[in-house]
Structure formats: structure tokens, C-alpha cells
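Common to both upcoming complexes is subunit A, partnered first by subunit B, then by subunit C.
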Partner chain A sequence: MNAVGFAWRSLVRQPARASLGILGVAAVGALLFDMLLLSQGLILSMSDLLERTGWDVRVSLDESGPGRGRSGVINQVSDVLADIAALPEVRSAIAIRFADARVEGPGGEAAFAFVQGVSDSARMPWTVTRGRDAAGTDQLVINDALATTIGAEPGATITMRPSCEGDSDALPPVSFQVAGIADFPFQETGEGTAAGSLAALSRACGGNQDDKAHMLLVTSTGDADAAAAMIRRHRPGLAAISNDDVVGRVQQSGFTYFRQISTVLTTVTLAFAVLLITVLLTVSVNQRLGEIAALRALGFSRRRVAADVLSESMLIVGIGGLLSLPIGLALAAMLDRILKGMPGIPEALHFFVFDPSALLIHAALMTATALVAALYPVRIVARLPIAATLRSEVIG
Partner chain B sequence: MSVETIVDAQNVSRVFAMPAGPVTAVRDVSLRIAAGDHLAVRGPSGCGKSTLLHMLGCVDAPSSGTLRFDGRDVAALSDSARSLLRLRQIGFVFQRFFLLPMLTAWENVELPLSEARVPRDERRARTRELLEYVGLGSRADHRPSQLSGGEMQRVAIARALANRPRLLLADEPTGELDAATGAQIAALLDRVNADGTALVIVTHDPSLADRARRVLAMRDGRVEQDITR
Partner chain C sequence: MVRDSRVAVVLVLLILGARGAAAQDSVLISRQLAEAEGLVVGGSIRLAPDATGAGARDFRIAGIYEPTPDPARLGQVPREVRLHLPDLLDLTRPPDVPQGTERVSSINVLLADPADASQFARDVNARMPGVVARPAAEAAGAAGPFRVLERFHLAIAIVTIVAATVFLLALTVMHVDERRETVGVLRLIGLPVRRILVQVLLEGLLIAGVGAIVGLVLAWLSEGLINSFFQWRYDTALVFVRITPDVAAMCVAIAVPLGAVSTAVASWALLRRNGLRLVRR
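Now for the complex of A and B:
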């Protein structure tokens, strides 16, 4: 019987102790797994979200990130758009303008919504899920949240009173037809969103907000960083950042907190795991000192009895570690829902994202835990004085 | 007839450092054990019998004197070399059996064979042979908790004989058994000795000691009497 088989029998011998150890490791392992998913999740999710939109450079006055970059207005945007679209590094570009609006449905139900107006383009920064895309200056698409709140379906007429730059309160309500229901990549959970052409938003803003936008979305011909650099050179007054820049900035700024929290919690959970297994193994070894001394007297080497204890530790951690993965995934889904309830978080963004590297790190950390946890009990059995132990066992 | 010496102890002493001062458990004992010997060590509790047995079995080292096993100075051997020596040359039988409770009788007996890396087929044949030898062929699949005290000690004897040791050391092998069961174990040990294994038994039990051809009587760590019959 090899050390692993022997360790397995030792575990089965004391099922309550073994179960306690395995469940403890499963709980700790699940937390560890979640911390690992959290440590990279937001970055991976953000990166994925940016890639999914299809635009890889964002141009604004002040390096606004994705979503609602609202701080500065780019004037004469049609000239700017034409200039940028003509650059060899740029395949296509659209201008996008944002506003807030009070929207009223056909039944009179009202809600505040985030409104986007986009310059003419073959591709819009949203995906129509029902009905059709907005066309002309009197049609809009709205998201599910807004449709549900104001009771509007494709074909319905809604009234919008927007707050545009500079003229917020003086604007009369404007009617639009809902052409379809759409998903917006950066829409926040429960937040109403409406969108149409730049001209449609301009109409809602009283027609005096023509040729202005908050952001340009650019698709490069392949090298987003080169396109961004070229735009910055060509239009020094504008800030152009690639998706990689956006992710890098998120990683360096707000995301640092998540990483620090995750590092601290990982360390604490691993310390708990080490203590738990060390205590269980030490108790187990101390209960079996006579047997171990007898095995040594019968010729079992120090290495062999140490391997038995180490294998027991590896088995507890291995089984607990495997159990921890589904538990961790379920816990991550629950925590993700809670965190996404925070205001300002895009619906499609996730805090916990599965990544194969997290599995590898999890396995490596769990293995290290098993090794470290076994150190003390292994030391006990390796240094066991055979004769003294046999004597004391008989006297005891 | 020329007999081969297995263990040769010359003036061995064992001193334990205790909080109240050093305690000498064994003093200047010289002893030679040859192949086929049957030796009993008796004496009152604390006289040093078990300590002497542990030194003869290479699980404890003398504080002074020399102990040679097969002509090799045991003090010069590394821990792993001493382990290997015990595995292949020495068998131990304990008062409390020390069988592994999670293993069956078969697995307990097979364990030292696995450790000695005996090939599987040979291991199985030897395990079967040993269990038959101790009369427990039909109890191979029983765990220690399903065996009586006498049966457990028989399994322990089979385990001690697994690697065909030249020397079998038994420390109070009947200490936990009733008189009738003890007599059965004593008879089994006689048979082991008759089959060629040198046997050293530490015991309080006069009836067990009387079965030996040579009896050492110890007191205060010294050999008071060395009687060969």
C-alpha cells in the first residue's frame, strides 16, 4: 500500500474529522477562488465589453472612458469626424452625443432616461432585440428597462423633454415613435436608455444644438494605439484613447482597490486553511503516535511516515479544493449580482469572471497550502522518538 | 555446532536525561544473541527490560558500549540504514499489538512487505502463508476491531514475520491477554523459534519466560542472572 492509499485509509478511518477538514478547505477554497476571479474579473469583463462594441478608439475633449463621457462638448463635430475618418489608420468613426431626458409613455407613465444621439452610420453602438432600428429624426430605440417602466413597445409614441447643454429647462416636449427595443453595452442595471440619430436628439434639443457631440467612436484599421496617436497628433485639442488604454487606466486606478482587497482576503483565507489543516493533522497524528512508532520500529522509514502525513494533507486539500470550485462559482454569481446593484455599474460588466489562469493559480495556492499545513505534523512524525513513544504508549 | 551471531552487545548502557537528573535504565550489559536462540528477559517493572529490547531492536541507541548487528556497528548506521535493517532483519511484537485499525488483517500483514518493495505476487503468497501459519487464514478480511485480543496478537506476529526476520523481539506479548490466550500465543512464539527465528521475549509472565532456553533476570538495569537450560 503506497502513501496515498495509506493516507486515504487514514482519512476514511475518521470520517467526521476528514469531512470537517474537507468542508473547511472547500469553504476556504471557494473564497480563494472567488478572490482570484475578482482580482481579474472587472478588467477581463471591461476588456471584453469594449471589444464587443467594435470601436477600439474613443475620442473626447478630456479622455472620457466608455459609457457616458459627458464632460466636454466637441463643436463642429461633422468637420472633426470627416477629418478623423480620412486618416489612413481609421476605418470608420461616429459621433455620439448624450443627454438626460424625462420620457413619458403612451399611458402617461414617466421616467428619467439617458439619451444618445449618433451620427449616421451603418453600425450603431446598440443592438436591436425587437422591432427595428431608429430612422430619421422622429424615431428612437429604447431599452427594455425604459420600455417596461413607461409601458412602451415598438410602434408606440413617447414624449421626451431633454436637458440639453445650456437650455435645460426651457425646452418643450417632443414626440418620438419607438422603432424598436435595443440593448446598450454600457447601460446600467434598471436604467432607462433611449437612442436615435444625432439629428433626432438635436430636434429634441430645440434644433439649436446642431453639430455638437461628446465623443467620437473610432474603428482603427488594425492598430488602435497607432490610430489614437495619429488622432492626437492630427487634432491636438482632442484626447484619443484606445481600448487597451482604457483598461490600463481602470487597472491602475479604481481597480487597485479590488486587487488589494482580494490580496488581503486571499492571504487571510489561506492562513485559515493552513491553520485548519495543521490542527486537524496534528490532532490526528498525536492520536496515532503509538501506531506510527510501531511502524517505525517495524522498519518504516522517516520519509515514508512523513509521506503518509503529507499525502493525507494533499488528499484533504485536493478533495476540498475540487469541491470548492462549484461552490466558488455559485458564490461568485451571487456576489456579482450584489456588486452589480451598485449605481453606475454597466449591466454587462461583471466583477467575477472565470479565467483558466485563475484555476491554475487556485491549484498552485491550494497545493502550497497543503504543503505548508503538513510541515508541523510531518515534523512530529519525522522526529518521533520511537523507543520513548512505545514506552509511553504502554505506560499510558 | 557453530552458530551465527546476530546481535552482539558489549557493555551497553542507556542513560536518560530527566529533570531530576540522569537515570540509568541499563548498565553495562553484555549479551550475544545467535541464530535460533530463545531468550527471555524478566524482572520487575522499571528494571530496564524494554530499554534493552529497544536497543537490541535498533530503535534506541546505547549511551555507551557497542552494539553490533550482523557485525555492523549500529551506532555508525544512518537512520535510514537502521530503518532498513529493522525492516529486513528484525521483527517486533508489542504488548498493545499496534495493528492499524483501518486496515484488514491481510493488509496489516502485507504492509511491511509493501514497504520492502516485495513484488505483488510474492507479497500475496507470503501474506496468505503467514495468516495460515498463525491460524487466521479465514479472518484475512477482518479489521482489528473484529478480532479478539489473541487474534490481534497473532496478526501482529504474522506482520512481524513478514520479511523473514532473523530476530523477533516481543515486549510483553501476552500482557494484554488472559492466561489461556496467552498460552496459545506463547505456543505460537515457540513454533516461530523452532522454525529458525531467534526470539527475545521481555515478560513479567514466569510461565512465558520458562519456555525460553535462556533467561536473563534484570534488576536496576543490570543482568543479575543469566541462566541457560
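Now for the complex of A and C:
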């Protein structure tokens, strides 16, 4: 019988102890797995979200990133847009204007919503899921959250009272037809969003929003950093940042807290696992000293009994580690839901994101844990004095 | 706190160094800004409302202050300048805005009797439409992200407790198993199961109590280390870990009964067996 088979029999012989050891490793392994997912999750999720939108450079007055944050207004935006679109590094560009609005549904239910007006483009920064895209100056698309709150479906007429220049605006209500329901990549959980053309928003704003926008979205011809640099050179008053810059900022911002806590918890978890598996194996070996000495007397080599203990450690950690993966994924989904309760977090952004490299690191750390935890008990069995141990067992 | 619509002011530090301080308005600067730019009290700085430097004015540094730690701005090094409000309004007023018509972000009000805060806020909200007033205590308690982090940490703590409980059970099972023969002898010489169980329970309580105290000492020692590290990392005076009496009491309240119960549970299976079987006769 080889060392693994022998170790397996040792575990099966004491099922309660082995099960508890494996369950403990599974719980610790799940936490470790989650911390590995957390360490890069936000960055991976943000990168993925930015990539999915298809725009790779953002132009504004003050380096605004994607989402709800609103920067200063870019005036004469049609000139700026034409100018930037003509650059050789730029494939296409659109302008976006933001506003807040009180939106009333056909049944009179009202809600506050975030409104976007986009310059004419073949590709809008949202995905229509029902109905069709907004066209002209009297149609809008709205997201599911707003549609549910105000009870509006494609074809319905809604009334909007926007705040375009500031909170003190008192503009008359304007009616729009809901053309479709859309998903917005950076919409926050439960936040109502409506969008249409820049001209449609201009109409809602009483016509005094002509040729202004808060942000330009640019698709480069390939090199986003070069396009951003060219835009900054060409238009010194504007700030252009690539998706990599946005991700870099997320890495540098307050979300580093999650990386730090992930590192701290990973270290503590591993230390905890090593300590406890060492104790489990050591106590187990100490209870079987007579048996191990007898095996040595029967001809088992030091290397062989050491391999038995090491195999036992590997089996406990291996089975526990495998069990930890589904537990960890379920736990990650729960923790992700908790963290997404933070205000200002886009619905599509996740803190825990599965990445194959996390799986590899998890496997490597668990293997290292099994090896380190087995060191002390292996030392005990390797140095075991056969005759003295057998004698003390017989006398005992 | 009374809050009106937002005014974003970007002040750009343009020229540093010791200029003549006479007849200059004074400002306070944050410690982080002073360290980053090598500024000292009595020195002079030039501030402008935009990046082009247009409309810049000289100010004298009257002092350096440690910003009040703000959890919502964790990770952002506070490079701040505090001006007298009239100076700030003069500096940032657009040319087409007449003096006296500027807007401010918020007004902090110190009441003669702090207990009137809620009533005062209600009165202001009722009498001044468009202005939102709320007690400072309520504003401070509305730190949403940190409520979420609290729930996140609680979830992590629960998982850790579950893992620790499982390991504790495994250890007590082995511990009890090691004493199988001793328990068997005690049974054979006539000690009732209840008596042995009480002894085991007391032993579990003692071990769990000592373990909890050691854990608290370890937490107390690591509290300083963790705070020092994160305060250094984020350049803030914010306290990240605080072992309060309530937290310590909760830890003991969880750890001691858990230890005792796991010992009793692990022992119960052993105590149900016959004494002769326990001594393997």
C-alpha cells in the first residue's frame, strides 16, 4: 500500500476527527479564496465594464471618470467634437450632457432620475433590452428601475421636469414618449436613468442647453493612451483619460482598502490554517507513536513514515481545499451583495470576480500550507526512537 | 449643518516661498500639503481659482493644521487650504456675479442649546424651502459606505468564528480521545457521568477563558500595529481598529461559551460509553 492509501486509511479510521479537520480547512480555504478574489476583483470588474462600453478615452474639464460624477460644462461642444473626431488617433467620438429630473409616469407615479443626452451617433452608450432606441427630440429610453417605479413601458408617455443648470432650476414639464427600456453600464442599483439625444435633453432644458456637454466619449484607432495624449495636446483646456488611467485611479483610490484588507486576512487565514493543521497532525501522530514505532520495526523506512504523515496533511488540505471552492464562491456572492450596498457603486460592478490566476494562487497557498503544517509532525516521526517508544508503549 | 447647492472650488497652488508677509490675508494649510510642498508657517503662497493662474492672490500661511479624519475620503491625501470666507468668495467670484450674491456649500450653526438641534433643523426646513438642514450628529451617522463595511466585517467575522469552531471541535475531540482511559478509570471507580461532565465543562471553560484573554491581549497588541500601518499607508489620523470594552466583552461572550460547549459536546459521546470499553477491557 502506498503512502497516500495508508494516509487515507488513517483518516477513515477516525472519521469525526478527519471530517472536522477537513471542514475547518474548507472554511478557512473559502475565506482565503474570497480574499484572493477580492484583491483584484474591483479592478478586473472595472476593466471589463470599461471594455464593454467600447469607448476607450474620456474627455472632460476635470478628468471625470465614468458614472454619476458630473464635471464642468464644455461649451461649443460641436466644434470641440468635430475637432477631436478629426484627429488621426480618433475613430469616433460622442458628447454627453447630464441632468437630474423629476419624471412622472402615465399613471402619475413620480421618481427622480439621472438623465443623459447624447450627440447623434450610430452607437449609443447603452443597450436597448426592450422596444427600440430613442430617436428625434421627443423620445427617450429608460432603465428598468425607472420603468418599474413610474409604471412606464415602451410606447408610454412620460413627463419630465429637469434641473439642467443647478438645483434652483424651475423649468416647465416636457413630455416624451418611451421608445424602449435600456441597460446603462454605470447605472447604480435602483437608480432611475433616462436617455435620449442631446437635442431631446436640450428641448427638456428649455432650449438653453444648446452646444454644451459634460463629457466626450472617444474610440481610438487602437492606441488609447496615444489618442488621450493627442487630445490633451490639441485641446490643453480639456482633460483626456484612457480606460487604463481610470483603472489606475481605482487602484490608487480608497478601494486600495480592499486590497489591504485582503492581504491582511490572507496572511491571518494562512497562519491560522498552518497552526491548526499542525496541531491536528501533531496530536494525531502523538496518539499513534506506538503504532508508528511498530511499523518502523516491521521495516518501514523513515522516509516512508514521513511520507505517510505528509500524505495525511495533503489529503486533509486537498479535500478541504476542493470543498472550499464552491463554499468560497457562494460566500463571495453574499459578500459582494453586502459591499454593493455602498452608495455610488454601479450595478454591474463587482468586488469579487473569478479569475483563473486566483485559483492557481489558492492551490499554491493551500499546498504550501499542507507542507509547512506537516513539517513538525514529520520531524517527530522521522526522529522517533523505535525501541524506546515500543518499550514505553508496552510498559504504559 | 445647513446645506445648500454645491459650489466646487478648485484652488491651484502656484507660487511658493517666502514673500513679504505684510498686508497679506492669512490662510491655514493642511499638514499633508505643507509636507508635500515644503511650506512653513509665515511663508507666502499664491492661490488662483483655475489652472491658468488667472486672478491669483498672495496669502500668508498663518498655521498648519491636521485635517479632521474623514472616512469618506480615505485614500485621498487632504491637500487643503482654509481661507476666511470673504477671501474665498473674492477669489472665486466670477466677473459677472455681483458681490453679495455668491453661494456657499454649507453653513455650520452652533446652537446655544445642542439639544435643540432637531427642532432647529425642522424649523429651518419648514421656513426656508430649497435649503436642507439636519443635526450634525445625524449627518455624521449617515456614512453609508462605512455602514456597509461594518456589515462586510461582520460577515467575515462570522465565517472566521465558524472556521474556528470547527477546528475547536476537532481539537476537543482529540483532547477528549486522549483522555479516554482516564475517563474510563474514573467511571470504574464510581464517579457518575454528571460529575465527570461538570469537570470536563469546567476544564473547557478554563481553557476557553484563558484563550479569550490571550486573544484579547494579542488583539490589543496588534491594534497599535494595524492603526500605525494604515495611518501611514493613507496618511491620515483616522483610527481603523479600536478594541473597546464592548468589543472585548462580546469576544469573551462568544469565545468562552463556545469553548465550553464544544468540550461538552465532544465529551458526551465518550461519556455515554461503558467504563470497561473506555479502558479497552
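We take it that the second predicted complex is superposed on the first by the 392 of 396 C-alpha atoms of A that agree within 3 Å, B and C clash if a C-alpha of one lies under 4 Å from a C-alpha of the other, contacts with A are read in each partner's own complex, and residues count from 1 in each chain.
The rule we apply is simple: contacts are C-beta pairs under 8 Å (C-beta built on N, C-alpha and C of every residue); 3 or more make two chains touch, one makes a residue touch a chain.
Predicted model only: the values in this text are computed from it and were never measured.
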* To do: For A:284, decide between first (touching subunit B), second (touching subunit C), both and neither.
  => second
* Looking at the overlay, does A:393 come into contact with subunit B only (first), subunit C only (second), both, or neither? -> first
* To do: For A:122, decide between first (touching subunit B), second (touching subunit C), both and neither.
  => neither
* **Between subunit B and subunit C, more extensive residue contact with subunit A** => C
* Following superposition on chain A, which residues of subunit A contact subunit B and also contact subunit C? -> none
* To do: Note which residues of subunit B are touching subunit A in the complex, please.
  => 50-51, 54, 57, 59-60, 79-80, 83-88, 90-92, 94-96, 98, 100-103, 107, 110-112, 114-116, 159-160, 163, 171-172
* **subunit B partner contacts - residues on subunit A that touch it in the complex** => 1-2, 9-10, 12-13, 290-291, 293-304, 386-387, 390-391, 393-394
* So in the complex, which bits of subunit C are touching subunit A? -> 5, 10, 73-76, 130, 144-145, 148, 151-152, 155-156, 159-160, 162-164, 166-167, 169-171, 173-175, 177-178, 226, 230, 233
* Structure fact -> Per the touch rule above, subunit A residues touching subunit C in the complex are 16-17, 20-21, 23-24, 27-28, 30-31, 62, 166-168, 252-257, 260, 264-265, 272, 276, 279-280, 283-284, 287, 331, 334-335, 338-339, 341-343
